[in-house]
Amino acid sequence: MSEWKDLTNFFRGRSFWMLHYCTGCGAMELPPTMTSRWDMERFGVIPMATPRQADILLVTGYLSLKSLKRLIYTYEQMHAPKWVLGFGSCTINGGVYWDSYNVIERLDKYLPVDLYIAGCMPRPEAILDSFKKLRELVEKGEAKGYEKYVKNYEWYKANQDRVLKRTKPVLQKPEEVTRSA
Amino acid sequence: MIFLKLLEGIGVGLLSLTVGLLFMGLARKITARIQRRYGPPVLQNFIDVFKLFSKQSISHGFAFDLGLVAGVSALLAAVVFLPMGQINLFPHNSSLIMIIYLMTMAYLGMAMGVSSSGNPNATIGVARALTMMMGYELPFAAVIFSVYIFAKTGSLTNIVAAQGGGFLNWNMVRLPFGFLAAEIALQGMLGEKPFDMAIAPAEIASGPMVELGGKYLGFGMLQHAVGIYLETGIMVDLFLGGASNIWIFVTKQFELFFIALLINAVLPRFKIEDGVKFMWKVPLLLGVIQALIVVL
Amino acid sequence: MNSNIIWLVFTPLIGSAIAAILYRVKFLDRLVTFSTFAITLLLLFSVHVGQSYTFNLNFMGKIIPLSWNVTHLSIFMLYISVAFGTLLTFYSLMDKSRMKGFLLLLILAANNWIFTTNDMVGFFFAWELMGWASIVSVLGGRDENSSRHAALYYAMMSIAGSYSMFFGVFTLWKLTGSLSISTNVAYLSSIVGMHPWWVLGIVSLFFVTFMIKAGIFPFHTWVPMAYAYAPDTFTPFLSGVMSKYGIYGMLLFLPISLMEKGMPAAFGLPWVNYIFMWIGVTTAVVGTVLAFFQDDVKKLFAYSSFSNLGYIVAAISLFSSVGVTAGIYHAFNHLLFKGALFITLAAVISRTGTSKMSEMGGLWRKMPVTFFTFFIGIASAAGIPPFNGFGSKWLIYQAMIKQHLPFATVMLFLASTGAFMYLFKAFHSVFLGQRSARYDNVKEVPVVGQIVEYLLMFAMIFFGVQPGYILKPIGAIVSSMGLKPLPTMANGYVTGMFSNVYVPLISWSLAISFTVGFILFFISAKHKYVSQSDNYTAGQIPEEWNLTPETYQFSWKFYEPIEGIFAPFFRIKIDGFFRGLANWTAATSSAIKEIFVSNAQIYAFFAVAGLIIFVIAGWVA
Amino acid sequence: MLESVEKKVEELKRMNLEAKALGDWQFEVLVPRERTAEILAYMKATGYKTFIHLACVDWIDDQEFELVYNLENYDEKAQALVKVRIPRNKPEMESMMSIWGLCQVYEREIHEFFGINFIGNPNLKPFFLDEWLDIPPLRKDFDTLAFSQELFEFKEDESHGIKAPKRIEYK
Amino acid sequence: MELRPLNESNTNDKYKTYELFIGPNHPGISGNFSYVLDMEGHKIANVTADPGLLHRGFEKLMERRLWTQNLALIPRICVPEPDVNEVAYCMGVEHLAGIEVPKRAQYIRVIVLEMARIAAYLFSFSGVGGATGLYTAPNWAIGDRDYILDLFEWLTGGRVYHIYQYPGGVKMDIPDGWLDKLSELLDYLESRLPEYDNLIFKNPILQKRTKGVGYLSAEDAIENGITGPNLRASGVKWDIRKAQPYLVYDELDFDIPETGDGDAFSRFVQRRLEMEESIKILRQCIKQIPDGPYREKIPNPFQFRVPAGTYYSKVESSKGEFGYFIVSNGDIKPYRVYVRGPSYSAGLYYALEAMKNMRIEDVPVWIHSMDICPPDFDR
């Protein structure tokens, strides 16, 4: 049975279908990666239109709150096994938007990230390398973010709801709020 | 005896799947080369299909399951009637119209499956695919009936037999207009550009495939694979004089598919009504001219 | 002993009287209707080919011979019509729609009379009975106003047809002095060489009637209205059985082949047949194109019926052995699948209360049996093997190509592909897609309805896989018409001129491949079922956009892009012609009325002159 | 400085408005709130047909909002910044939708980011932000860093495997 | 009986329309942005734009950073062509602070701007291909764009974000041999142009798809604040480089190509022709670039104060007028910066009118023909 698992992992690692969702400016380096200069199709990676068809979710950069909501919805529509790639420094710690009121700082709190790619923005070589790295992780059976998400669903949900379903002002200054309204 | 036929039939099905997937892989490679890329491995599509069948998926109900399975199964049921070189399982049962109507069942199944998901993108895709089907079936029908009248038979086995004896006896040479018309219709049948409005990703997010994932998408890919095999196979039998063995048959199929690929790589897609109008102008005219030549 | 034929007519009449008395008692009314149909079906077993019976009616001193004669064709038509009627009345036992049983029984009486009679008086009388009973039946639709309008329109067309037929009957009677149909047809055949135009004229009088009843282009204008607004359980009968009376009539007169009799020929056909064939092809194409753009599901299938009758006409007009076989075969298949489709539609409409396709959708989970019946129905109608519509469509193509008619064949192929398009539109809009919340409580039809649906499904598959059971009696009909029947092989074979199809082989092939497909389906990774709202929305959250099933269902203007292609087509207004004719007639009549009203003397003169002409005509006759 | 700009500035000064050139091809004019619609319509009629943007500046020390209508004249190659000041404690302004339909979107944006109410604009629903409950974010008294730290603060959580990201060494 | 069946009145409107989401996760939209279409059949009845998916609060963040720190932030506003941000911002700051920029630095800026423009045009070619299904076009165009990015990398050290401009000039001088490489690249690009013509602009099917789609008259364009190539494609000859020359554009000889049909095809062709002009400008720059300092010295960036004042500085970008409205109160940080992205009016306002009654297959064509770049308005 473990041979069978190895075999499926071997094939999964060679056929990553990527969701065509440009969440941020990092998506700018995806067209060169897809097209003739770097050609990620060599590694079996192709962009797919809908979350149902995709295996990996590239979070290309910063995530605004509105985007995060849609990203989570999209992630939950994907079929297991699925992997999340944090792309660029914004997904790691907020990047240059560390003090922005509308950009989340750590993707890890809201979605299980299997692999981060550093840089702002990561070069196509780095993206290709990340695919190779992810392939190694998948073949070793270590990239289990989707299982982690299911296991710790309440925790993730609580984190998500904390930023997405706010019921009162974040900065506790109700008197100012009433004045501005 | 029956058991042997059964095995043979399953063998033919596997053959068509293999060749179809191989063609799809080659298609990706060749397209990549035209686009100045290296391209994926030739066997990439086998990897993809295997992965898809090992992936979990969601379903919208039994009609969804049945439709997708029917898409592949009906085509596999049709492919056993196709004479291919020395492999001809049912030589007395290879009526062309029957094969074409059997293929319609695959389309019906696929359309039913994807529509039952209730996604309007998928339904628009299906509406477009059916509209396009009306476009290309008309010239193709004109060609088929010309060949019927010309060969005085409707069985593919006999049509192949009538073309024996060298290149000059091929219908491609004898019915050149018909061949051209059928070639353009084939482009539409294969769903290659400029006639791929049904799946147009930039417009309707890959159309019918929008809700397919995991094994359902795998079934979709297999259907496409068998479809390529069957449609090019019919063309080979109709116009390229069939083949004496399976290797030559597959080579001839690939030649036709290769032409379709080259056109596919350098053209954008039509609007749906422009596509239908084009089909009813150029290939239909060619088909009608051919029919006139044959009848008179 | 041969009088059992007339019991075929009297039994329904008696049943009708009982049903009329019990009209107020809803269930009994239906029960009587159903039992009468069943009894008639039983009676049919005692009727055999070759039976004949004559009854001399003494009418005001004149002897009018009423004769019955059972031919191969009539027994075939009797069986399929009565059997289908039995199924339908069984279905409507539980139905709440306002179909009037006694009228249906009157139609049954007329039906049996038309199919067995051999004299033109009986034929005409039965024809009128059938016409008027069906007109009144149309009246009870869901939409009072529309159905009244439809019935009126239908009545006008019917009357026009009756006049035409009456004139034809009168002329023939004048010419031969006989009222027997077979005698007259034989007479016409004998003189066709000398007076082809006369024969053509007389036959045309009858054909206009038949074309109106069958709804052939350009007399199709009543069809969509009457079909759409008739009571839902009456429409299957209207479409499945009653449209075939026209075909039956045509088959009676078709043996007057104009071939080899000095008429010019086109493409190896007498040009009259050639034109008639093109009328059939036009009917098929026009019906298909009009069906694309309907939103009322019954109207869509009305156009579909109209289109299918075009197929039948095109096939029988060839008057070759393949053609007539294919035509009758298709008539049978059409009765079966269109009847099944209209019955499922009646089920759906009774459950949802609407016939607008854009307001339905996603019903397949709620009505699975109906869904599968519908599915097999449209697969049959699209001509997909191994269901029953395939064989006849395939034979029709064979017949057409045999005559070297590639263009007509291509047009028929267009109609067939188009049929697939509109059938799928109906299928999707009614059963697939998103289900509106207001249909959450929709239930499957009662058990009685389900039994009928299972039977119809079985019939559609059985006669598809085993076409021999239906092709053998058709072979007998064809040979009784003096044509060479198709070679009959084993039950599963459909034998054409160009190639053979052994349908059980296709079924086996399909069965095995589906088995393989499902094995693959079940051994691969798991799937889970999700609700219809869990859908791709390009990442947007459905709740934020107030997405409801209604606003995520695409069925309105399904084939809009090709509307432009057919736009010139829509500008031709056929009913405009008829309306213009009606206006012209009205104007002329009022002018004539003006003459009468303005001057009493002139009125008196016309009255006297009319009387004199009438008396003279009586003497001469 | 362009001649046309000079002439326009003179002309606006004659209309009792504060106007001054800012560069070679642009000038600003300060308009009282009541005359905004009139002046903008006048500008549009005299060739400043293109509406470039509507910006808002929060002068918190003056307790005023400044709205800047940026107009462009393609024929005279000139650009005008029409400035209107409104009090900060009563942030209301007439909508200019009737002059440029385009204003609708800009006004909606400014309503969201500054909390200015545009009278006559029917479409002031939330636009860029989702469920915003705090004071409008582009006001000077909104502290984005405090907001960010409060909402997105980072806590090490070993129990759920959230720790400092592991770096992957590139070979 | 009616033979015009589509005139049938449907009593319930809610069944007639359905929603279709173009974006954010959709191959037809460029960037993280969304149009929600109310569809009636295959036609669009109503459009709603849903921005905010990219909103990062740039304008707020810039108020928190030093004048020079902002240079690292602002390229992220417009990703396909980041240099216009830097140049426009620097020009505004220089105007307010009264810094005179050396001639060589101005030439370098023109070179950078025009290279970025060519890169953006190549990117828009790929958009044409993606929208119409001609996938060879993206592969070719983005492959060629990469050569430009390589040169950028050599010049500035960054592929996409260069952070190369600085108040008073540019950060570093042009490396040796860089200009030769640039002219080689220009030769190469010029040799590629006929191939693009054959593949894209002379393609009969593409012409059929794009001609007549999204017609925009000159009056509508002016009324709706459409600028740049889209405006010129509608027949208005307005180019900031010509009309209000900044940097050294008045010393360079170039034309404004005229197409003027106002439909999607003429907008595509406009970009294609302007790319040729950009190549012409670059060649002149290579020839004319003077020696001298590449930067005017400015004081310690931590003490760099810009005198109080307001200024609107603008640059002609590949999409239209890219403007920075800068307000300074004499502090070390900007008091307020407003960014005017060229796609704002087209993407958020004009789209809602233009897409009405359009067919679904025209939507991506329209989006890519207007070159709508969501970060422009979603800052």
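All chains are identified by letter, namely A, B, C, D and E, in their written order; residue positions are counted from 1 within each chain.
Here is the rule we use: a contact is a pair of C-beta atoms (placed from the backbone, for glycine too) under 8 Å apart; a residue touches a chain by one contact, two chains touch by 3 or more.
Please read all numbers here as calculations on a predicted model, not as lab measurements.
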Contact-graph distance - origin chain B, target chain C: 1
Both-way neighbours, i.e. chains that touch chain E and touch chain B: A, C
Intersection of contact partners for chain D and chain E: A
Furthest chain, CA centroid comparison against chain C: D
Leader among chain pairs (count of C-beta contacts): B-C
Chain nearest the global centroid, as defined over all protein CA atoms shown: B
CA centroid of chain A to CA centroid of chain E, Å: 27
Interchain centroid distance [CA atoms averaged], chain C/chain E, Å: 63
Chain A-chain B separation of Cα centroids, rounded to whole Å: 38
Distance from the mean Cα position of chain C to that of chain A, given in whole angstrom: 60
Residues of chain D engaged with two or more neighbouring chains: 128-130, 137, 142, 144-145
Chain E: positions in contact with at least two other chains: 18-19, 24-27, 39, 42, 52, 55, 57, 60-61, 64, 139-140, 143, 359
Touching two or more other chains - residues of chain B: 35-37, 54-58, 120-121, 124, 201, 205-206, 210-211, 214, 271-272
Touching chain combinations (by label order): A-B, A-C, A-D, A-E, B-C, B-E, C-E, D-E
Contact set on chain E toward chain D in their complex: 51-52, 55, 57, 59-61, 63-64, 95, 222-225, 227, 236, 238, 243-244, 309-312, 321, 323, 325, 327, 335-336, 338, 340, 344-345, 348-350, 378
Residues of chain B defined as touching chain C within the complex: 6, 9-10, 13, 53-61, 63, 65, 69-70, 72-74, 76-78, 80-81, 90, 92-95, 97-98, 101-102, 104-105, 107-108, 111-112, 115-121, 123-124, 126-128, 130-131, 133-134, 137-138, 141-142, 145-146, 148-149, 152-155, 158, 205, 210-211, 214-216, 218-219, 271-273, 276-277, 280, 287-288, 291, 294-295
Chain E - residues contacting chain A, complex: 24-27, 30-32, 52-57, 60-61, 64, 72-73, 76, 79-80, 123, 126, 138-140, 142-143, 145-146, 149, 159-161, 375
Residue ranges of chain C in contact with chain A within the complex: 534, 536, 539-541
Interfacial residue positions of chain D with respect to chain E in the complex: 22-26, 28, 49-53, 55-58, 68, 70, 72, 74, 77, 79, 81, 100-102, 104-105, 127-130, 137-138, 140, 142, 144-145
